[in-house]
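Think of it as A, B, C and D in the order they're written, each chain with its own count starting at 1.
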Amino acid sequence: MNALLAIPFVVPLLGAALALLLRRHRRVQAGVAVATLAVVVADTALLLAATADGTVLTSQAGDWEAPLGITIVADPLAALLLAVSSVVLLVVQLYAIGQDIGGLSRAMPQVFHPIYLVLTAGVCLSFLAGDLFNLFVGFEIMLTASYALITQAPTRARVRASMIYTVVSLTSSILFLTGIALVYGLTGTVNLADIAVKLGSAPAELRMVLALLFLVVFGIKSAIVPMHFWLPDSYPVAITRISAIFAALLTKVAVYAIIRSQTLLFGRDDISTVLLCVAIATMLVGIFGALVQDDINRLMSFALVSHIGFMIFGLGVNSVAALAGVVIYLVHHIVVQANLFLVNGLIRQYVGHSSLRSMRGLTTVSPVLALYFFLPAMSLAGIPPLSGFVAKVALFQAGVGTGGWLVYTALAAGVVTSLLTLMAIFRVWARGFWGTPMPDMVEARERLKRGSHLGGLKFMAVMTGVMVVFGVAIAVCAGPLSEVAFTAAHGLMNGSAYIEAVLGSDTR
Amino acid sequence: MSAPGFTLVVVAAVLYSSGFYLLLQRSLMRVVFGILVLGHAANVSLMLTDRAITLPPLLTEHEGPLSDPLPQAMALTAIVITFGVTTFLLALAYRVWLGDENDEVPADLEDRRIGRLAEPEDSA
Amino acid sequence: MADLESAYPVPAGRADRPGGPPEDWEAPRERWLSTAVRPAFGPRSVLLEVATRLLTPAILTFSVFLLVSGHDRPGGGFAGGLVASMAYVLRYIAGGRHELAAGIPMQPNRLLALGLLLAGGTASAPLLFGRPVLEVVSYTAVLPLFGKVKFASYLLFESGVFLIVVGLVLSVVAALGARMEAEEYEARERGGAWGPEEGGAA
Amino acid sequence: MRAATLEGTPSRPADLLRPARRTGTAPPPGGRCASVLPMMIDVPMLLPAILALHAVVAVPLPPLVRRLGPRAFLLAGVPPAVSAVWALAQAPAIVAGRAATAEVAWAPALGIGLNFRVDALSLAMIVLVSGIGAVIFCYCAAYFHHGERGLGRLAAVLVLFSGAMLGVVTTDNLFALYVFWELTSVTSFLLVGHDDRKEQARRAATQALVTTAGTGLLMLIGFVMLGHAAGDYSISGLVADPPDGGPWLTVALVLVLAGAFGKSAQVPLHFWLPGAMVAPTPVSAYLHAAAMVKGGVYLVARLAPGFADADLWRWLVLGFGLATMLVGGWRALRQDDLKLLLAYGTVSQLGFLVLLGGAGTQVAGVAMIAMLLAHGFFKSALFLTVGIIDHQTGTRSISRLTGLGRRMPVLAVAATLAAASMAGLPPLVGFVGKEAALEAFVPGAAPAPGPEGSAVMLTGLVLGSILTFAYSARFVWGAFADKSTVSERGFRRPSAAFVAAPVALTAVSLGLGLAPALADPLAQGYAHDLPAGHHAYHLSLWHGITLPLLLTGLVIAAGALMFVRRRAVSRLQNRMPRWPDAEYGYHLFVHGVYSVALSVTRRTQSGSLPVYLGIILATMLLLPGARLAAGLITGEIAVPGVQGAFRLWDSPLELLVAAVVVVTTIATVREHRRFPALILLSVLGFGIAGLFVLHGAPDLALTLVLVETLTTIILVFVLRRLPTTFSVRPNGWAKRLTVLLCAAAGTFIALALWLMTAARTDAPISQGYTERADEAGGDNLVNIILADFRALDTLGEIVVLATAAVAVASLVLLNRRNRVVDEPAAEVAVEAEEEARLSAAAEEHADSVAAHAAAEPALGQGQAPARGAGAEAGEAEMTVRGTAAGPEGAGGESRAEAVGGGPGGGEPAEGGPAGGPRPRPADAPGDAADPGPAPPDPGDTPADSADPPPDPRETPADPDDHEGSDDGRP
């Protein structure tokens, strides 16, 4: 059990160290990276299997009991997100390797792999952290790796983008640290479960201040309006694989942190009005931004912001059904966003850019590419029977089940957002995929077909296909997924299982 | 129990305010300075949570109330993390300067393009 | 490419130009004084160079002391690592990039990797025995010469910290100090504009 | 190949889709060969298998069509044929009231399940969807040419559509219904946009999708609300036991009806249907006559037994239905394009069907089934006829066709019969249905709408029928009559196989008309569930001399008169004021959305980092900050009292150090020269270290001093490159606001710290560390925590350090070719140019349009043609290509960048595989995401991008514009 919980972040760290040592041997290095992630995937699958029934697994680092030592906790929510994230990480890794084989990328593989593994460790640690300061450390690992990744192949635009990204992230980190100081000041502890217990005796108003502060802290990283501006200015500029993984995971980790803090720590305090207002703003502002973009990557980034709003909406509704909806939405969105960005990467390979201003007829250039784009895009828009539909239905059900005018307003915003997402996506489709292909696009395709890097390109396409299949599989497995989601949501709403698992179990 | 000394509170307020102000500047170096100042601010706030001046948390040398070691450990971690990240930020600043020959944070071009697009719309 | 050595030699294509240093130029390792040294800041000072070279072993020893005694006194892996890296920074300031290259034991990236392996390995070793991550194992032995000596796994962990801190500082000095210096040099060769002699703090 | 599919597939998907819970008979025994026979008997699971068969057949179709050509459509017709045969085989049991059911579990926790239930209504729909579908697939095999572009895709999507439609009409779960419903929308999007090189097709497809999917989303919410109210998402359960009323139920019904109306093209959402006629004719025949548009009718009819009693429902359905019937009929009369005439006729008939389906009386139900079948058969036959005419003559314009009746007598007869059915003439099924419909609204015959309501409805129906008669006559005349003013066109005789399809469909119309008893059980089976009417009504050709029969006579007379006096009617139509066009409303909507989106994005997304950070700070003040302030004001947050907890300082020395820190901090902020600022910053750091020493934190102080020294040294490294002074922002309200914001934020945080720490009740957990230090074996608590108790944090921290180190190195120590400084002039120049342009544009607030035009001299000309009404496909493409190919024109350099994606031409991104070891360091192509180089495409401003909202009066997409040719002028 101890190993099961530690492997997701320890093994990638060791892998990163090895990869850094082996940076001269590129094949070995890639092998190490893939093997590491494969281990993580297997491990998180086991974790999910072990927690799917609502069990909360814990492990005390250094064998020091809970409030003193750091607890590593896997509840169904964390395990589910870990499992999905690790698969996405593995697929993107393979995609990147394909790109490197083909020599299709300017990123430096020698440092890419180690840093990517560090990112993996950071993401996993953030999901597993049962300690507020450890969560901060997990965030920092993830963020530092992301700073390093976003500057891969630094052009002027990327340096500019990473400047914005880094400074905003640092601001949020500083505020996070401040938040930890505040929490420690109020409770004298940093263990999440312990904080949850001790906050019970704290003055309600102060608790509320903390709840809102942490919403801001994690809200910056999860890009909720009005703190989202940095995202569309930075993500799309990075190289494909990196925007893919950023879009898929980083914001979701922050959303996870919001969920965890607002349910476990501040579950007694009702900030749902704030959450719902924020959700409405996020959905609408994000999708409006997406509608007017000419660059596919930017468009998808705005759509990403917009759909974070759905998750915040579920959190604002604040019922078991709603939280289950959020969990399903998280899973769906991780896969779909990664998928769309991978496809955008393929588009860049084919067309040379991702601007709709000079893109026509991609269906003709590559029908497979069209299919790869179509399915996740439909899923994003919530078109059935894909995963987005399942997620949306879960949220809508929860919203209707709770009622109230604000919830209905948010529901209406959700409907409008879904429609506008559809419009944005079909704008891409009608302009980029349909029509007579531009002559230079056809030329570029011919060049690609003749080129020596076709193998790498095919590998990338296969990996994108794998991701598409994964997305479809999520929809097919909606039954078991929703079961786990409901289990996770029950755990979140209740919290006592978590607290008991961390604090209640005496020294083993 | 007691509240922390107000002097330290004032120090924290000044550090935070100044840090934020530096952060909001266009010059990248000042932004870096802002991060450094904010780092100090965060560490001071961790110190603040230990509500009284006490002895160092060394078990051998003293008898009597020891200061709270946990915020110190966290502040230490934070100092080191801030140091690492600051060096990265500096490298980035250097890079920006290499490209632009100034150290200002430039606005996003695509955003400005979108902004410009809307203008005829408005005048129409 | 992120290697240290690529930072020091003047980039290819410039080597055979008359007046420039040879491509694989390296500071002499054995000598107390190198003649072709150009300090990072200000004019060259022989006194500083000698002092630095003499001080280096002392500083390194002190850093190891900090590392080992951390558990009982102020110090520890961080402080030790910072002190150790200070020695190299001093060397760079006194002697410039070539002096630094001559002095460091291995590439910073390797230091980082080793440190990470050491710390990560210590952290994960208990997992193999079904124990929680990072559990400390200590063993007290009576050695003939030293008497009672305690070996604790956290010392390995702290050594990892130490190595990583040194690696970080070296890497940063190499990148932000030496590389920039090299570029300036290049630019001057090119007939470029600015010289580096603009004050110096340390 | 084909045989294998037939043998293999029915059993395989069934195995895959074996349900978790079964409602039918025992599961089939194991072995694959053995399972085939039991499967045939195991009725329940066959339906999901047939559905899966559609998907299975669709997959290999594209390659097959490439090999076999249009003949592959015959294979594509297999799944609908199988489904139709299955349905007919089930008919006796179903009509007898034993609905066939099946169930495949999906996500039971969410109430989503693939439950199927086939009753009389479903059966009628299957006959249309699958029966007519199969015929149309056969027709396709003759209609399309070998090697036509995208034919394989078309075939596959058409089969998928057929499957989705089958799902819509057989499912018994609200969510599953929505699933299939949206699948039909999406597949129809792809089908309508089949000829995607035409601007018009793209636009019509998007329009249809936005309309149907948008209303579909409303319907989904309605479903959720209905299901929540009823506690059950099964349709049969919902209808059998409708939830009690309430305001939300009313809303739910309205939302559901919105979905149904959108799908069935009810006024005012009807505009998409004529637009969708750009689809190939067989597709139109299938989607827009037989199947998809019936979805809304089906939904209304499906829910009517449960909800027709609600007043709101009744008036919505009757009102919109009648309005649609009249508007559609009226507009059908003025079309010159035969296909558009039929399209508007379909709109009219859909209104008729919705009205009948929603009325909720038994007679209306009977009439609905009859009309449903009748319309499916005659309208698809007529569409197919138009397809043949178009295919053989190259036009379908009434004003250009003549003499076809002589040359294609068989087709002419068939089409005339079909049109007669549409007009409601005996002995065709259309007549039978219309009789029943009129009967349903004879005042007093049914309790439903009340006598006055019935009278109004009856009048409306008669008017609608007159219009129907008139446009039916116009169709026959327009398609087949000899017109003296029109010269004959070239013509190829259609093959017998080609004509077979419409003839067969007409034959069914005739057959059902002659033997209405065939359809009657079906109609009775459906009507049985409806709230009772006052007498039983059976479909029949002859009911005696009744009011409906007399009214039919009136209809025929008046309709004939309208046809004879068509010129007068046409003049009248031209004199009528133009109604506000629904399509115009759609464009307004799209345009509005884009304008709002633009202005919102422009105002929020400024691209400036200080603004972003300022907003973050403001948010922090607004949320937790305001909360804290409120708590302080209301006194809910306790402030440490002066005598008890409040302390000013801990020692005088602290005060001194604090003063140093404060002064240096403020001085740092005010210092604009870099090195003095740096020195102040180090002093600040050492001051903080002093504070740490005072507070008993020697470890912290030691580390901070070391770190501070190193930081200072590294800062010197970097700072010596940078300008000597920082840029200074002018004093002004912005600066004052910034100062205020930052001061408030800082104060908030410090206050919160103070208050929270003062409010702590429990002792901190650190006590435990002191107690257990000996276990860990050390004296320095901080270090023990770092290395033992909380070593995981330390591990994370060194990972951060290592990563930062690698990041710094990789950022600075790059290959020469990767260095930004060595980027070729191209990108830099272009960016600079763009920058300059941007700032120029930004400065010239006064006349931004002029600035815009001046900045992009090359674009001026391009704009007009692409923008205007001439957005006809070819022209638009020409414009785009023109700009693409003309880099040597004005502004050529930046243009070439934009189109070619950088100096390397259309090189793939991220490094350009062709680039190899070339010394070109810029990844300009990879960086094409960088917006720099490209000025916006002419005519591609977002406002008109996805769905350009041009002036509707001028768009060719507006079908009404074909009326310019007036009435064909015989």
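Here is the rule we use: a residue touches a chain if its C-beta (ideal position, glycine included) is under 8 Å from a C-beta of that chain, and two chains touch if they have at least 3 such contacts.
Being a predicted model, the structure only gives us computed values, none of them experimental.
Taking the mean of each chain's C-alpha atoms, the chain whose centre lies closest to the overall C-alpha mean is A. Between the CA-based centres of chain A and chain D the separation comes to 24 Å, rounded to the whole angstrom. Separating the centre of chain C from that of chain D, both taken as means of CA atoms, is a distance of 59 Å. The geometric centre of chain B is 45 Å away from that of chain D, both derived from CA atoms. Put simply, the C-alpha centre of chain A and that of chain C have 37 angstrom between them.
Residue positions of chain C with contacts to 2 or more other chains are 1-2, 72-74, 78, 109, 112, 116, 120, 123, 133-134, 136, 165, 168, 172, 175-176, 180. Within chain A, contacts with two or more other chains are made by residues 13, 16, 20, 61-62, 72, 108, 111, 114, 133, 137, 140, 144, 147-148, 151, 154, 156-157, 159, 163-164, 167, 171, 178, 181-182, 184-185, 188, 232-233, 292, 295, 298.
Among the residues of chain D, those in touch with two or more other chains are 598, 601, 605-607, 609, 613, 698-699, 703, 707, 710, 714, 717-718, 721, 749, 753, 757, 760, 764-766, 769, 779-780, 782, 786, 788, 790-795, 797, 799-812, 814, 820, 831, 930-932, 936, 942. The touch graph of these protein chains is complete, with an edge between every pair of chains. By the touch criterion stated above, chain C contacts chain B in their complex at residues 72-74, 78, 165, 168, 172, 175-176, 180. Those residues of chain B lying in contact with chain D across their complex are 1-27, 29-33, 36-37, 40-41, 43-45, 47-60, 66-70, 72-77, 79-81, 83-88, 90-95, 97-99, 102-105, 107-123.
Within the complex formed with chain D, the chain C residues making contact are 1-3, 6-7, 11-12, 40-41, 70-79, 82-83, 85-86, 89, 93, 108-109, 112, 115-116, 119-120, 123, 133-134, 136, 138, 150, 152, 154, 157-158, 160-161, 164-165, 167-169, 171-177, 179-180, 196, 198-202. Interface residues of chain A, counted against chain C in their complex, comprise 2-3, 5-7, 10-11, 13-14, 16-18, 20-21, 23, 59-63, 72, 108, 110-111, 114. By the touch rule above, chain B contacts chain C in their complex via residues 56, 58, 60, 76, 80, 84, 87, 90-91, 94.
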